Structures are given as structure tokens and as C-alpha cells.
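Consider the two complexes below, in which chain A is the common component and chain B and chain C are the respective partners.
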Partner chain A sequence: MRIPTLRILFGKKASAASPPKDRSSVRVGIPKVLNIWSTHQFWVGFLTALGIAPENIVFSSDTSEEQYREYGKGRGTVDCCYPVKCMSGHYGELIFGQKKKIDILLSPMIYSLPSFLRGHVLDTLTCTRVMAGPENIKAGFLKERDVFAENGIRYVSPFVSLGEPEKVPKQLHLALKDVLDLDEEETARAVEAGYRALEAFTQKMRQKSREILTWCARHDRPCILVLARPYHMDPGIGHEIEAELQAHGFPILWMQYLPIDDDLMQWLFGEEIRAGRIKSPFDISDVWPSSYSSNTNEILWGAKVAARCPWITCVIRFSSYECGMDQPTYTPTQKIVEASGTLYFKFGDLDATKPAGSIKIRVETIVHYVEKYSRDLIRRKLAALPPRCPLLEDAAPTSESASLAA
Partner chain B sequence: METIQRINHYTAYRPRPFTREERATVTILFGGLTWKHERLIQGVLHNLGYKAQPLPNITRADLDAGKELIDVGACCPTIFTTGNLANFLKSEMAVLGRDEVMKRYVFLTAGACGPCRFGQYHESYTMALDGLGLRDFRLFLLAQNQLDQGATHGGGLEINLPLSLGLIWAILCADVLTDLEYMTRPYEIVPGETDEVLRESIAYLYDVFRNRPPEKLCGGKLKVFAWHVLTDYFTDALREVRKRWDAIRVDRLQVKPKVKITGEFWLQTHEGDGNYNIKRWLEQEGAEVIPPPIAVWLDYLLHSPITSEEWKGAERNRKKIALLRAVEQIYHFVYNRFRKALGNLPYELPDQEELKHLAKPYYHYELRGGEGHMLVGKALYAYRHKKAHMICELSPYSCMPNTMSIGAMANVLGRYPDLLYAPIEVKGDAEVHALSRCQMILTEAKRRAHAEFEEVLAKTGLTVEAIRRYEERHPEVQRSTYRIPHYGYAGTAANYVLHLARKMR
Partner chain C sequence: MICGIDVGSTTCKYVLASSEGEILAQAYERHNTRQAEKVLEFLTRLEREHGLTPGRDRVFFTGSGAGMIASLVGARVVQEVVAVAAAVERLHPAVRFVSEIGGEDMKTIFFTGDGSSKGKHVLMQSACSGGTGTFIEKTARKLQIPLEQLAEMRYEGYPLHKISSKCGIFAEADANTLLKAGVPVEEIIASLFEAVVYQNLATLTRGNTPMPEVLLLGGPNLFFKGLQEAWRHHLLKIWKERKVPLPEDQDPALLISVPKNALYYAALGCIEIARREPEHVGVYQGGERLRWWIEEGQYEEKKREGRRGLWTTPEELQQFRIIYGNSGRSDSRLSLRKGRTAPDLSRVILGCDFGSTTAKAVCLSPEKELVFSCYALSRGNPIEDAKALFRQIRAAVGDGEILAVGITGYGKDLLKGIIGADCAVVETIAHATAGLYVFPDADCICDVGGVDVKIMILKNGTVSDFRLNSQCSSGNGAFLQGVAERFGIPLEQIADYAFRAQAMPQLTMGCGVFLQSDIVNQQRKGWQAEEILAGLCTILPLNVWIYAGGLNNLAQVGRKFILQGGTHKNLAVVKAQVDFIKSKVPEAEIVVHPYSGEAGAIGAALIAHEWWECGGRTRFRGFDVIENLTYKTTTSPDTVCKWCPVNCQRSFIDVELPGGKGRPWSKVPLPEGWERVIVNNSCPKGLVEDVNEMKVIKAALEKTKNAYPNIADFVRKEGFRRVAT
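So, the complex of A and B:
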């Protein structure tokens, strides 16, 4: 079972409000990289609300070595983590690899993120490389000559604080007004539509995860939680390691879409809140005081959930080679997860090439351990929680999630 | 019903408090800047009744210790500073024992800067403490953007205006003196004289900060603030320092390329093994270094909120913007007073708006982390204003923001192919590779320095011999504190010749 995230639902576009100006023939290309993986529905919702035809919103393909070789080679300006380095291939594919040319290449500099942890943490910023990645990558297409202009493409890279919705209309209006002939009001409406689309998508994903957890609870079966950055969902970045585990029959959850319903949160964290250890289920100050980075915060929170939720008996952690944000979190995350005996396996240093051999061996090890220890782990973790589990009180899972879980 | 079995969930490090009563017995450890800055900061802390001591200067051994104690993949400033603290504590433990070390010391470090690892340094520190069996050692973070945080961490440390202004004033004084040091040493006639006078000056300024008059540090905040801004106490001290520097004689006819150092905050500020002693190395290779003042970073911190408020709408935020601007102007006023007290020899602060404007096509000014857009802005500023022949950007291996701005610099170099730019990746243990890379670009910078010197000689019709004769008749021009105006040439020698030519006329 796979949580259908961006890759699977890519075709589904949010519904458009009636467009004030005819932009239906404008083609916009978006490099499918970094935090586009967690905000794609915002961009789709936003652009369609402006009257861009859904079929004219083009995302680059999943990352691959071929993509980089064919479109990005020689355009890298510095050596760094692969999720940023591969962006040249995505840019190149959108510029050179489209049958129908795009008019605009939209590569937002996402400064902060909408996060369910906002208000409970110090900030929800993106990694400095995520926010500045476009400035770095564009240099490879401008340093000798303006490749965008040569190909008749307008390059637009709005600086956007998605974590502060009140700022976004102005930011996007300033960046896009000339290219799309926008006025402030329609931008504001489109931004709202974007947030609505993103929220609806996220809700749906969380509901699916809840159904999967409910299925596990009812059948006393373990599942595996992936702790990773959103772009590890990209098969070229995360190398689909979780799919190999899934093939052994273990349901997989991604931390980004864990359910956050109050009943479940109270069941997992209520006692600690009452004891004054934390202020809310989303308070991570007990484990991570420097909570500035959105994706990092969520990883730490996911680790806390994994340590408590009985049916999550195993965590797999993905991390890209040379990831500076992950580095300080390795030990705390492992300690958080393992405090309750939950199994923890890290796939670090992920790079361009899939280390198929070592993945295979490690997957076998993980399967062995999960099979061997899950029953006991579930029991032990259940014994540490209040008796009434809201998941067991849920209505029977829908046929869709039952079949997904099966 | 099964009984609830407790699970001992992981919790992050939380230091036990450092109380007011402990002030007399507990020493505050700090570090991360140059020995000059640290000594003056120590003066400020001593002045306020704290026991305080900077950590020993960074060495290669700190890199090894840091690597052993924290997870792999950290940036080199994190590794060096963690190793530095760990090595100091280890050496103290060997003498005093574990319990006594935990009782006698606390460590204070700057933090809370958001998106990059700088905001997470203490995670590495605490990991190192765990590794040393010092989980109970006390480590505190000082937010760098709040001047008045009150009594924190149990009351032992009170972050109030006398402390914060003292720290800023100490940093600014050390900055202007560092400028003087680097513009003098390469030209000194008596080897070692600059360093000696520098040591004396810092010792003298330590006393100045150590003896800030207590009656000026109490009373209302406004009074304390006004005294710091308007007093002659610090400027008189700097004038006194200047007199000592008057005695140093220099030979500015030595043609040297000017190399501006930029880069990641810690790495560019540092003087020692942490950056392969690159500033000294450059001097030995015949360059004049323009050191990076911390004052520019503080200016950046002050200016950023103005930009943010203006973005929100100047109309709505007029009062707030005016206040922020006033603070910025006062800051510049203070820095310029310090410069003036040293004969206007230290470099002026670059205009933050100009840095932003110059960087704009390449790197957005709101991108945070590291030095943000300033790396691009400073390089272009030095290039456009002919302040240096070459930029040497120190970039820590695996630094997140720096890799991004270095990438963006490719675009800058595409447009300005004659900008000499040497991005040096510093791992801490790959010195030969880094320095030889720098050497290559330095060779071209030297060629340019010589070319402009010859050009000026030709233009003025002067010869080296004629200048020497003039120097004999006018020994004041050979004083290290004799100011040579900037005539649009990067090199000191070229500007010197032009200046003398004008005087001779």
C-alpha cells in the first residue's frame, strides 16, 4: 500500500474559479523539486484559479540520472546535496524537453511552509538550500548566455513565505504581475484557492493514513513509518525503498500525512500534556528546542508519534548525502524512536544512484526484525497508553483503504 | 484493564539554572571570535562582575575531537567549535575532576539564527557533552537580536543594556582596530612591531571596558544608552590607541594586491587553524588583507527589519520604520566616531541598501542563512568601488547557505569575467589544496596590482627614487596612521603614489 501523494495524484487539479482574463493558452512549467513536493496542490490551485488551463501546468518528471545527463549536465555551479543538484536536470527538461514549449518557468523560492506545527514551534522555515536553490540553479542557465530568453521562456522565481499566508498575495503579485498581467485582487483570490486546494489534499491524505492505522489497529498488524523530507517521495531521490518493504506486506505511512485528529492526539499525548511536559500534541520543545525548520520539526514530531503509536513498530529514516539539515537530527530522532523499543533504520547518504544491492540486504533485515518484534512492541506500547483507543472506535475502514492495506 | 506501563521517552538537554549567587564562583566560557574581540568582551563581563574566560584559540586538534563526538556531516565551524569546547573541558577535567568542572563553568554561545545549522549548534554541543559524560554541564544560548532579555537561565546571567551595549561596543572597537592591524602589518618596516602595538592596544582597551564607570551603567535604559552613544570615554581611549600606532613606520611603496575576505560568518572572522590561518598566509604571500568586520553582520541584522517593514507598506509602518532607521543611524554614528578616533583609517561600513541592490539580480535579499545576499553584494561592492583586487570567499565544507551563494556567483562572474574571485572550501584538514587554489588567483591579483602601480607612476611621472626622497623630507607620510585617500585604485601603493603626486604639486 502506498500513500497516493504527488506522484500518483499529479493529474488531479483543483477546480478553477472563473478566470478574469484569458490565460488558458499560457503554459507554465514547474520543476518538481524540493518543497514543491509538499506544496504542489497550492501551485495547481493558484494557477488554475488564474485561468491557466490544468493541462498547461507542466511539472517536470521524477528525478533520474538520465534526466540530469540529458538536460542538466554542465549546468551545475556547485557541488551540494542531490535534491538541489538534480534541479538543473528538471530546469533543462522543462526548457528543452517539452513537445509543446512552455511560456513560463515558475520556480518559487519557498521561504517558509504551511505546517500543522505552526504556532507550536519557533518557525516553519525551509532549509536554506531549499529557499535559495533556484538562485543557484538559474545561474547555470544564465552564466554564459540567457538560455531562458533564447528559448522564449520567462523565468519567474517568486520569493514566497507560504507559512505566512497574509504575505503571499503581495509576494506573488509582485513577482507575476507583468508576466501574467495580474491585478492584486485576483491574485489574492487565487492564493486563497491555492491554500484551499492544498488543505483539501492534505486532509484527504491524512484521512487515508488514519484509515490505514485503523486497519492496523483492528487487525493487530504493524506498519512502517517513513521519516524523510517531502522530496524523498521522488523515486529518483528516495529510491522507493519504502516500496520494497511494502512488497513484503507492510503498510507504509509517510510522516507528512499522519493523522492529526484531536481524539488520536489526545490518546497519544494527553497524559504528557496533563503532566505539564508539553503544552500540546504538537509541542516538540521537549525533544527539539531549536524548532526553526519546518521539515525538520515535522520529522522530530513524527518520531515522537512513532515512539508512541503502537502499530508503528518500525521507522525508516531517509536522508540525502551531505544534508546539513538532517545532520544534527540523526541522534535525537533515533533516540526518540528507540526510547519505546520501536525499530529504527536509517538510509543515509542517498545520492543519484540507487544502491540496489545494499537496499535489498537491509530490507531483508528490516523485514526480519519487524516480523519478529512487532507483536510484542504493539503490546508494550499499548500498555503505556490509556485504554480507549480512538482508532478502534472508528467506523470500519472504507473498502478503498482496506484494499490499499491489503 | 491493563495498567499503564510508563515508557521513558527521550527528552532534549535542559541545563540546570545558573543562579545569581553562583556569579562569584562560576566562570562563563565563550568563544568563536578573534582573540581581540574576545579579550574586550571579557573586559565587559568582568566590568559587570562576572567571571569570564574565552576558550583557547582553535587548533587542528579541535577538529579531530569534534569529529569524534558529533554525527558525521557537520559543517566545519560546528565541528571546530564543538571540539574546542570539548577539548577545554577535557583538559580541565583532568585537573579538577568532572564534578568540579560542572560546578565551575558554564558555556555561553550565540544562537537562534534560524534556518541553517547556526541555530542548531547547541545540539552538537550537547551531543559532545553527552560523549564526555558531562550531561549536566550548563550551556546557554544568547539570542543575538535582543538587547534586553532580562535575567535568564536562573538569574546568573542578566542580559540587559549594560551588557549588550558593552558587548557591541567591544566588538566595534575590536573591529576598527583589526582594520588598522591588517592595513599596517604588511607594510611595517620593523617586523613584528604591528603585533606588539596591537597587543598593547588590546590590553589597554581591555582595561577601558573593564573600568566602564558603574554610575553610567545604572539608572534608566535611555540614560545608559545615551551615555554609550555620546560619551567620549571610548573615543578618547581609541585616540590614545592611535598615538601608539603613530610610532609604527610603514613602507607603502611595496606593491601588494588587496584581498578582501568574505564568507561564512565564523570562518571569515576566525584567525587560526580553523581557516588554515589564511589571513596570515595571504600576508606572507605578499598580499594586504581586508578583514571582514563583525560590524557589517550587525548592520545586516539591524537593516533587515527595516526592509521587511518597508515591504509591508511604508505608509502603515511609518513610525516603526522611522524608529528602526534612527537606531541604524545611531549605530553608524557610533561606528564612524570610532573610525574617526583612529584617524578615519578603518574602512567605512558598506551601505546595506547598496549591497542589496547589487546582489538583487543574483540572490534575493530575503534569503536567510549564513551571510545571505551579502556574499554576492560584498564581492560586487569591492569590485565596483575598486576596493580590492580579489575576493577570497571562505566557505565551510558542507555549509548550506554558502554553497548556494557560491553557485549564484557563477552568474555574477558570467557578467563580470574580470572579477577575481576565489571561493575556498575549508574542510579543516585539506590545507594544501585550498591554499594552492587561492595562490593561483592571487598570482593574477599581484599582476594587476603591479600593473596599476606602473600605470600610476607613468601617469604622475614620478619615480620610486623621487618618492623616497620626498619621504625623507616628510617622514609623517610613513606613519602607519597617515591616511591615504582612495583615488579609485584598489592597491595601497598606487593610491599612495597618486596622493604624494598631488602633495608634491
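So, the complex of A and C:
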């Protein structure tokens, strides 16, 4: 668990520090919202490394209308962004809805994100409205009286630049030193543990995606890619629309966890790099020059992959009601995806209610087209790529059934 | 003397007081949308009975209808919330929260601080019927509960059901469903009160806690005992949850009060404010100008306010009729023909559309000529509907050969196996196929039916986006038809009437509940039936595209629009659609599908045709099998739907079919060789028989989901767990 560099850096302090503090009984609640959906394991890894028992790290449940009615009612704020607005339900649930009360409500203001595109794009910032969401929601619980204090809860909302790991220890130390009695060294060590946990998780998901694509390649079968912000995985925000397509027999990939292995990237982008059109597989400057927003950048990159990867024959785009970040990307993503004939369907203006009737008809419509066009599409897209597909060279699955079942 | 008059959306109220504020008289009456007349009646009465004197006494107006009337009698207008707040501050200094519910609006006022630092925070909404008095009354009327009885009905102690709190029309539909399912009216009304309080708390508190003491004002709060109970229930719950300190020696329910004169607070506030204003403000000038306005002025205003009819010049209308009058059936672009005297029906491809109100069928020749079409009204039993339809087809086709069968509409999944259809086609694909076949360059199909609006946006020959609105009544054909019926105008004559109008009133887009009262209001101003119908046709496109479809930027949709669906058989609607679309997209081309009602069936047939051309051989069971389908219907306690508290009394129609899988696990077991069709459910959930079937379905679904993974499932499952080691 110890990291040599840190020992050198903080060597003196470490020896001077008091023995490790017992935080095993401290209970921390984290609202499962917004960019927590892509940084979850960082927080779990970070808190665990500080000695907080894993069972004492509590996430709120999925967003739902019941949750908002029960816990968020009357504490709402004027915000047209539903993924931000629904947070008051999550806060309320963590404060009032826990059998074992929490001691700390941790709702980070995430300013930037660790993205695989970092270094290839201008920046990896978050949406400002999303970043400042906790401030907005907190107000509903402080307006008349301090609801946190009344319930014996410390509210902490660290401002954190997860995209710049070197800044994070200081930021988290500053925000948490009082509530958790932290020193700088252990904070730094916990931050490293957090990044490690997140990276391991992301790797695992990318591997799963690669397995799905390999299966598609071997069986000449299509899969569907979702282009969305991380929180659209929340069943109360994205309404599990992609699951209805899955039920028709299509594996579902999410842009966040596409495989980024070098062999695959070279196969998909190599020619364009050699032609000088892009500098690297992760260069999106050809389609999105103002690449500041992390999720937006990744969505655009995902669209480029979808346009090229033969077995992704259909893209599903999710967007929440009145999302100002998504707005300028609608046309570019659609154009990029459709340039190769790949099917593209958008589910826009998502909010609290799931329009089930209309979704059912749309899903059936999409299934009709995917079934009708996939075979041709796969062939056409394959013809545009170099001959040797690295996926087909992956080790053959052990069982002959070659099923994708986990 | 000072007179305060509150001109609300359903009633007018007055309070007459001496200059010292002592109350001399007060009254309220419903105005039945004749606000000006009621005010004049009040003023005349006050002059006669109480000596209200022009030039001496002062009049202050408030309420949504006050603006125009006040200026005619010299009165000053006070904003309603300001008026209510002034009265509350004077009469109830300890009140911290006020809810005033009116006929078509609702308001909340939060008072904060004390003494000189006292502030108030006001929230109000008046755009939607949800949460207002109309919301309750409209539904109660539907349930045939007289107002006197409604006033006495209670909230406490009844089981509550889910009623949409957002829209009056949805609520009415929900109440209807509950009633049909045998839920007692007492429970429905209690649920309505719940919905109103919920809507007020959800939309009009915005993060503030309603603190004691609480004052409930306005007609509905005063008259409906059940509504008061619902408020008490919710407020006490909130106070407990949020640990609001309450006086110990008092029943907290007493902190919520409804004053006897709860109706008059706005009028009382007028008097309060008048007393603070200088003597010369709001001096009454007599009722003469108001009388003139009622007798003459408002009709002149009608002319000024109105807009031209559906057309500007007779030539323009004639030109329009030439282009659209025959629905384009003779258009040369058509490859679907119906022209021959003796169509060849020896080999046909069949397309059927089983919709919610009618079932339609068409026959195509192998050359894709439309050789036959027919329809049958739906009678709620899909087997009988299918039999009726196929009897007509058989009479036409005779010994002809059925090459392929395509089927679409909501009944497609139920009937596919029973008929032996080859292609079950989702509605969008059927409509798009039919539309694109006739107009290959179309960008958008707008289908306005009787009860729903469908908008399909096309791109690269696929349906890229789809809007369905079957929930909001504004914008559908049934609403127009309903209004025409009330005027005694038959459906097929609506267009002729509407085209006769030289001018028409400007109606407001949006909520159907308010549109209804808007119509009453326009009638009162002297607008005639045909003028109102023309006005309704004019706003229909707005309701279709903007209110129901949510499409503000039509130019983004494209330039070629196909109109189809029964409502577009009405030429006046088509004219309004054409003018509206062209105003947004000047270069637009708008066409009406030549067989707008049958488009779904044609699309299904075209897809079946394609399947047949690719070598498909039909599984059609044959006319004899369909005619002789043996089925039994079970309607019993065992068929009641248990998925939600509505408990729909469904029926099971069991059909004997070779190869039927049967349902051995069912409460109404079905042997092999039989298939079950479930009807009389009010939502899709009811198509699943019970928990047992759900288990069967879930197991199958889980299997599919395991075979075809979704990365999000892993994230949901593993992302929030302890770090894997």
C-alpha cells in the first residue's frame, strides 16, 4: 500500500505524525449524482484508504420521483437542469432516510475530471452548473435552519480538480482536515489509492467492452453504443432506455468505457494519423476545436469511434431537458456518426417522467432499422478499414458456446 | 365610503366599508364568465341600497379580470397578491404562510421577520389548471357530484389513489378510470384533494417551509372541508418532519385556520390599501361607461382584437381548394391507384392496422396497386374485430390468393400469431413506409388522429425522431369535434363552416381546460360558431407542433411535410397547417397523404410486399380458420388486474390455436393448443397476467440480458461497491 515517492516526499512528517486515527465507525454519505457516476471508485478508494469501513460508505439510491417526493419536496431549487434539481432528493434521503445515521455528507464540487483524452484536448472541465450544483442544493437545507446540524451531520463539499491529480491532495486536505482530522500525508496517500481504484475499475469496464466487441466481430453481430453523460446511467435520469434495446438482443456499450488499447486504436485511426489529419487516436481537433469540457469531448470522441467501428451499427444519444452543454453537440455528433451510414437516434429532453408509450414505439422502430441495416453496415465499415482486425486475433474464448454471459 | 371589488376567474366579490374601515356590506356571486355585467350589477346595487355615490366614494379593484373594468369606472387596480397580503398583515399579524386557491390560479405568500423588518415572498401560478379550483370542480362534475355534496366530502380516513396532479384533463381521465374500476367516489374525491395540496406544495413553496400560523383563503379552501383536512394533514406532517417548534399547550391543527370571510381577503385588502392612499385616488365615476362597454364597446373590441379568417382573398381560398381539395388523389406522383373499374384481386398482399378506435385493411396487387380497402369499428374484442375485417376482405377477394400479410397498430402483437401474419410492423415504420413510398423526399410526417398526435421526423429514409402525445387533449381531433358537436355541427361540415368565417377570435394555445373557458368567453363577446371553429383550426397547428410536439424550430425538421391521419381530412385544419408551417418554413412543401386514414395499413402491406418479394411464403391461417376461431371469454375475480390499486376488471379471451403454448401456471389455467389475449386493461402493464407471468417474462428477459450485456449494468452494480482487491 505504501508508495515510495510519497515516503520520500513526506518522510519527515510521516515519522512525526501521530499513530493512525481510528475512523472505522465514521459513516459517510455520498449523493449518487452527476459526475459521481464516473468518479465513484475514486471516492470509495479514497475514503477506504483513510480507514473508513467500506460498509460505512453510503451512496444514496437511484434517482426516482418517489425519492424526490419523499425527501426533496419543498426543498427544490429553481434549476432547469433535472440531474441537478433531483439532488435535493438524494440529500434528503441521506439525511432522513438512513437506518444508521450518517456523520458526514460528502458532496464534492468536481471542477475537472480525469479523462483518457487529457493531453490530447484543451481541458477536461466539468459543466459549471453541475460543478456548482451542491452549492445550489445545499441552500434548500440551510434556508430556514441548518438541517445538517440539526441531524448531527457535517456537510462537506470540497472543490476538487480531479483532472489535475497533483492539486487534489491539497484541495481534499483543506476541505476534510477538520471533519476527519486529516494530515497532509495520509490525504495524499488516500488520493493515490482513490485514483488507483478508479483506474482499476475503468480498466475492467474497458476490458468488458472489448470482450463484447470481440464477440460481435466473431459472430458478425451488431451492438449499440450509448453516447451520454455519465449520470444517464442512473435509471431515474436515463430511464434505462438502452435496456429496452438490450432486451431485443443487442449488447450495449457506453462511450465512457470503450476499449482504448493501442492495437484497436491504430486499426481504427492509424491511417488518419499517418495522413496527418489527426495527431493521435484521441485527437478530436478535427471535429471539436473548443475541447474544454470533459464529458463533451468524450462524447465527440465516442461519435468518431462509432463512425469507424464496424460492429457499432447504431448510436443512441441521451440528453437531459434544456442541457446547454449538449445543445451545440447535437449536430456535430449526428453528422460524425451518420457520415459512415451508422444509425443515430437521439432521446432528448429527458426529465423526471419516463414517457413509456413513446419509448416503446421508438425502441421498436430502432430495432427494425438495426435489424434491417446492420449486416450491410458491418460489411461496408469493415471494407473501409485495414484488413487485420485486432479483435479477431484476441484469444478465442475457452468454451465453444462463446457466450457473453458474465 | 370605500368599495373593494375582486373580479376573479369564476366569481366576483365586493366589500363596502366606511372611510374608517368599518365593514358595511359584502357579497360574492359567480359571474359565469360575464365579469363586466356582474360588476355593473354590484355597483348598481351598491348605489341603490347603500348609497355608493359617484364623485364622493372610492372604488378599488383587484383580481385577474379587474384591469379593463376598473378604468371604466375610475377605480384604482391593486395587484391581487398585494391586496391579500395587506389584509392578512392587518387581520392576522401572526400568520407566516397563506395559501389562496382560486378558480384558475393559486398563490402562496410567505411572511418572514417581524415588525419593521417584516418581508414577504410571493409565489403564484395561473397558466395551468393543476392545483386550482377548476381542477376539483371539473372532475367532480364528471363524477356527477353536486357542489353542495362536494363541499361536505372528506379527506381523512380514505385510502388514496394516484391522480395526476398536474393537469385537469389527465386528472379527469384518472378519476374516470378509478370510477370504472369500482373505486368509491369518496376515495376519488379524497385523492383529488390530495392532488391539489401536493401540487400547491410541490410548485409553490420552492424550498420554503410553510410555518405556522397558516391561513387558507379562496373559495375552494373555504368550501371544501376535505381540502382543509388535506392541508392539515400535510402541514402537520411537514412540521413534524422538519421539527418546527410548535406551542405545547395548543392543538397544532388549530394553527391552520380558514376565516369565515376567506373569500373576501382580496377585497378587504383593497380597502386596507385605499385607506393608505390619498383621498383623490380611485374616486368612483359612476357606471355609465361600463354600461356602454357592455352594450356596445365589447363588440367593437371584438372586431379590433380578432384576426382575419382562415383566408385573405377568395382567390387564395380557391387556389388552396384546387391544390388540396381532392386530397391529391389524382396527383401524378402517386403509384398507388384505386381507379380501375374491376380491380384484379386474384393475388393480393394484405395490410391491416388495428388501431384503438378502428381496424383498417388494404389489399395491394403484386404491382403495388391499391386494389381494395375497408374498415371496421373496434368493439373492444380484437378477435371479433379481426373476424369482421376479414369477412369484408374475403367478400372482396373471394378465391384470390393471399401472398403475404402485414399487420400494425397497437393490436399487432396480440393478433400476429392468431391471424398468421408474416410481418408485425411498429406504427412509425408503417406510417413512414407509406409516406415515403408516395413522397420519397419527405422530411416529416405529422399524423393527427382522434386521440393522439404523432410526429415522425425522417432522415436518410429512417424515422430519426418520434413524438407521441396521447396525454394532453389540446391539439387532437377529438377536441375540435367535441366543440363542433356542442354547436350542433357535424364532423364533415366543420371545414365548410370554418371557411365561411370572415374573421375569428384569437384563442390561446395550450391547456384544453382553459381553452374551453376561453371559448365561452369569446362566444360572449359575440363570436359565432363558425368563427370560433376557424379560430380553433388556427390554433390546432400550434398545439400540435409546439404544445404537444415540443418542436419550436420547424425549420430544423426539414422542408417537406406530409400530413396524415383522420383530422387532416378536414380541409380547414389543412389550410391552417399549411399557413402555419409556411410561416415558419417559407420554402416548405406540404402535402396530404392521398389515403391519409389508411396510411398505416398501406405501410404494413408494403413491408409485407417486400418480404414476399424476398422469397417469403405466407403463414396466413386462411379465412376459414379466422372465421371459425373458437374462443372463450373469462371475466371473473381471477382476471382482475392486481398491478396497481385501480384493479381493472380485465377479460381473458382464450383462442384455440394449433401450436398454442398454453398457460399452466395461470389462475385461469390454459392447456396447450390455446393462446390468451387480455383485454379491458387500462395500461400496458395489464397485458401481463399476474406475478406468475411476470416471473416467466422476467426469466426470459434475464436470459436475454445475460446473453447481451449492457456496460451500464456493471457500472450500476460494481461502481459503488467497495474497492475490489
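Keep this in mind: the second predicted complex is superposed on the first by the 377 of 406 C-alpha atoms of A that agree within 3 Å, B and C clash if a C-alpha of one lies under 4 Å from a C-alpha of the other, contacts with A are read in each partner's own complex, and residues count from 1 in each chain.
By definition in this document, contacts are C-beta pairs under 8 Å (C-beta built on N, C-alpha and C of every residue); 3 or more make two chains touch, one makes a residue touch a chain.
All of these numbers come straight from a predicted model, not from anything done at the bench.
On the superposed chain A, the positions of chain B and chain C stay apart, so the two partners fit side by side. Of the two partner chains, neither chain B nor chain C is touched by A:H239.
Of the two partner chains, neither chain B nor chain C is touched by A:H173.
In the superposition on chain A, A:E144 makes contact with both chain B and chain C. By the touch criterion defined above, A:H90 lies against neither chain B nor chain C after alignment on the C-alpha atoms of chain A.
Once the two complexes are overlaid on the shared chain, A:R317 sits clear of chain B and of chain C alike. Once the two complexes are laid over each other on the shared chain, residue contacts for A:F201 go to chain C alone; chain B is not touched.
Applying the stated contact rule after C-alpha superposition, one finds that A:W288 touches chain B and leaves chain C untouched.
Of the two partner chains, neither chain B nor chain C is touched by A:R210. After the two structures are overlaid on chain A, the closest C-alpha atoms of chain B and chain C sit 6 Å apart.
When both complexes are aligned on chain A by C-alpha atoms, chain A residues 76-78, 139-140, 143-144 touch chain B in the first and chain C in the second.
Chain contact summary for the complex, chain A toward chain C: residues 32, 37, 40-41, 44-45, 48, 54-55, 57, 59, 62, 69, 73-78, 96, 139-140, 143-144, 147, 150, 197, 200-201, 204-205, 208-209, 212, 226, 233, 235, 238, 242-243, 246-254, 257, 338, 343-346, 349, 355-358, 360-362, 364-365, 368-369, 403-406. Chain C contributes residues 201-202, 205-209, 211, 238, 241-243, 425-429, 459-460, 462-468, 470, 550, 684, 701, 704-716, 718-724 to its touches with chain A in the complex. Across the interface of their complex, chain B is touched by residues 76-80, 84, 109, 111, 122-123, 125-129, 131-133, 135-140, 142-144, 159, 170, 271-272, 277, 285-290, 292-293, 304, 307-308, 322-332, 335-336, 339-340, 380-387 of chain A. Those residues of chain B whose C-beta lies close enough to touch chain A in the complex are 1-12, 71-75, 111-112, 114-117, 119-120, 122-124, 127, 311, 362-364, 366-370, 398-401, 403-411, 413-414.
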